[in-house]
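Labels A, B, C and D are assigned to the chains in the order they are written; within every chain, residues are numbered from 1.
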Amino acid sequence: MADKLAAIRYEIALANRILANEGVVDAFGHCTARHPTNPKRYLMSVSRAPELVEPSDIVEFDLDSRPVKKDKRPFYSERVIHGEIYKARPDVMSVCHHHAPSFMPLVITGIDYVPVFHLGAVGGAYPPFWDQRKEFGDTNLLVVKPEEGASLAKRLGNHKMVLMNRHGVTAVGANVRETVFRCIYSAKNAEYQIAAAGAGAVDALSAGEVEQCAAIHTKTTGQARAWEYWSVRLKKAGGMPKGRALSR
Amino acid sequence: MADKLAAIRYEIALANRILANEGVVDAFGHCTARHPTNPKRYLMSVSRAPELVEPSDIVEFDLDSRPVKKDKRPFYSERVIHGEIYKARPDVMSVCHHHAPSFMPLVITGIDYVPVFHLGAVGGAYPPFWDQRKEFGDTNLLVVKPEEGASLAKRLGNHKMVLMNRHGVTAVGANVRETVFRCIYSAKNAEYQIAAAGAGAVDALSAGEVEQCAAIHTKTTGQARAWEYWSVRLKKAGGMPKGRALSR
Amino acid sequence: MADKLAAIRYEIALANRILANEGVVDAFGHCTARHPTNPKRYLMSVSRAPELVEPSDIVEFDLDSRPVKKDKRPFYSERVIHGEIYKARPDVMSVCHHHAPSFMPLVITGIDYVPVFHLGAVGGAYPPFWDQRKEFGDTNLLVVKPEEGASLAKRLGNHKMVLMNRHGVTAVGANVRETVFRCIYSAKNAEYQIAAAGAGAVDALSAGEVEQCAAIHTKTTGQARAWEYWSVRLKKAGGMPKGRALSR
Amino acid sequence: MADKLAAIRYEIALANRILANEGVVDAFGHCTARHPTNPKRYLMSVSRAPELVEPSDIVEFDLDSRPVKKDKRPFYSERVIHGEIYKARPDVMSVCHHHAPSFMPLVITGIDYVPVFHLGAVGGAYPPFWDQRKEFGDTNLLVVKPEEGASLAKRLGNHKMVLMNRHGVTAVGANVRETVFRCIYSAKNAEYQIAAAGAGAVDALSAGEVEQCAAIHTKTTGQARAWEYWSVRLKKAGGMPKGRALSR
């Protein structure tokens, strides 16, 4: 158990750093995981830029996003994005909230995300939009109240991502690596989709292609290859977390 | 006092280097602070590229932009941008003038800056434009005469930024870190705004959202997180100033 | 013979790493070579991100894409792209399959590739498109069946590249360096072509210019200069393969 | 004299490396200087990627682009660009030929370069276009014949730059640093011009502003600041030439 917990804390730190190194997150954004043995808990860093997260920064929260142990360090204010999704979606083992630059043209205009190349299928076709203003009026756009988190989770439904108007994206996965893979390749897809739309008529994947491409790219072979690649890139950039990966 | 002064000189050097490392400034641009104990003075580097500024490069100027002590080193020619704003705006404790690439499509076309995501609210909605040509005819576009600086400061009014046609941007803040945060995230907003406008109809923040988002993002939590992140990135890039940060 | 084989294995590893370092490939994509003495064989890495390929990862396959020796390591699933092209095109000594970002607007919209500057001529004018869906219906878009590879090879015909709708590009060459040169400069051409098309009417090279430009840029002088440059950049990035280049 | 020559050879190597590090040139392109004491000679590297040029690579050519001393190393094929301009323009002391990515949309579409911000004025307003095809029909687009170089020099006239359709740019200056400054800031201007044109109506500098901006930015203060900045960036990137700068 202790080993499993140490392994997932390292994995979460590594995931946050990879997402930063690959340009998905900057000073803001967060990637979390459900507790490996207690499904009523999730694991999230204290308030730090993702690129700087260490395993020792990872704290345990209950699904109402309250810390399980007292901790004097500041927490992220948007914890309920994670807590409410873990509550609503038992299948979800990892959540990432981000503002990847290539997604911003979509969330600012409300243009639908559509897979335009095989790897973009991991984001799914036509993920829903959630506009905080519609239900909650003018806010500071941070998702901080439980009812805001619950509303977002409801809008996510059974999708893999939900796009948040004038804000960003929240994506989920069956494990940390799948979530990271989804965030990185959906961000590339968003980039290519907007670039292609500016050049001509977009030829999107068919529903059948989306299904088959998503299936193959959530298998472990491609994900293992990509994870090794992103880890080596992070290492070259001098960005590895302290400690070391434990067997999973 | 000496410690306070040393601390702010280090902070200014660090700010200039962070702005360079994050792509807001290149060989040109400058970020300054009002003197910590004498509001009739401001602190600015001698003429050097922002990425190279050291604490020892920081010189004291009066609000007419004359050096307080004799100094043989060359000064920036656009000092009056800073002096005249500190004169007109007692609340302003830091000023940054820059030509961030993502702002150039706005200042070249006169398209208004509008916040399109929560963090972009720190730039405010519809900051004014100042066209040097309108009042001063053909010039070399550098703001070097006191009356040019005063005209710019007047146009800035109570805003957080003023856009300068065919030239760049000047932004202000309640302290150095707020100014840096404003410059970096307004530049991202400008990038996303133009990218979104090219893709479809821009869905800007409402007036209420701008107010609330700007309020939350000028608080210290997010700024502290971002400052740590930018500092670590700068350190990884081998770009820290000489000396060390002192307690503030 | 052993030396020749060792040299080409190093060359393939280096080529994959250069293509990654120059942004043509990321976690996916692969560059291969025909066996230097046995034209019925080709050499390809086991399944790894191109940036991480070592000479020891290079495995020998027959033209039906079966490994010549037993090997427990996982292989790329799209081997038939290479095997079927080597089968159909005796003149081809190297093949690269990639999803370069700058090509994506073309393969997503079906806009033809046209050389718009002298170096872009190495990609040829109007390379064909291959749409897997037309012949094989909905698939996961990976080219894994022999008949899919054969169909792609047929569509390539005598061209230097074939564009794959909603997927990527496959390019060929008379040797590894020519293939790398073709991939890097055709990717730049695609970038410039789309950027230019967004700005005004594209003035493409004439058929005569394409022919003459392609001829001069597949000669060794320019290729040697570029190869040295890309190798030094890779070395600076800490990305050289293990072992060392052998005389060719 | 020997010292002067050594200094200029170092300066040319440094200039080529800075231009590469700042993204103006890649494997191709070249920056040269007129001989410091013999105006009938110019100094150019042997055929190497600009990022790799060492002082020892710099060779002396007469204005007909023939090497003054026998040398077995390969030369650039486009030497006549430089030789013919030095012949036609006694005021020119340095020439740079490049294919900067941001210029490509202009040279591919024939859209005129116009200064859109103060620093872009160093490129001048409406520099001429030269289309090799008009006078010489289909070629490989390389400027290799004396009459091609002479035609280009004639088209340059008294301008600071000439844009070459479907090829690139050639810029000149009163010294190496001015030429480098012109290339880097005109490339930024081209980038901003195209980005702005995509967003709205471009508000170009007036003729008077161009004149005054160009005058101030070819003075030494700004150029010295920029040169120090680019040199430090190059040093951080591990790219300095061998040997050291000599007093000029």
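Before moving on, here are some points about what is shown:
One rule holds for everything that comes next: a contact is a pair of C-beta atoms (placed from the backbone, for glycine too) under 8 Å apart; a residue touches a chain by one contact, two chains touch by 3 or more.
This one's a predicted model, so the numbers in the text were calculated from it and none came from an experiment.
For the self-contact between subunit A and subunit C, the two sides draw on mostly distinct residue numbers; the shared fraction is below half. On a Cα centroid basis, the chain most remote from subunit A in this structure is D. Simply put, subunit A must spin 180° to overlay its Cα atoms on subunit D, rounded in steps of 5.
If you average the Cα atoms of subunit B and of subunit C, the two centres end up 46 Å apart. Rounded to a whole number, the gap between the C-alpha centres of subunit A and subunit B is 32 angstrom.
In subunit A, the residues that reach two or more other chains under the touch definition are 198.
If you check each pair of chains against the touch rule, the ones that pass are A-B, A-C, B-D, C-D. In the complex of the two chains, the subunit B residues touching subunit D come out as 26-28, 47-49, 51-52, 74, 77, 99, 101, 104-111, 133, 137-142, 165-168, 194, 197-198, 237-239. Contact residues on subunit B toward subunit A in their complex (touch as defined above): 116-119, 188, 191-193, 195-196, 198-206, 208-209, 211-213, 215-216, 221-222, 225-226, 228-230, 232-233, 236.
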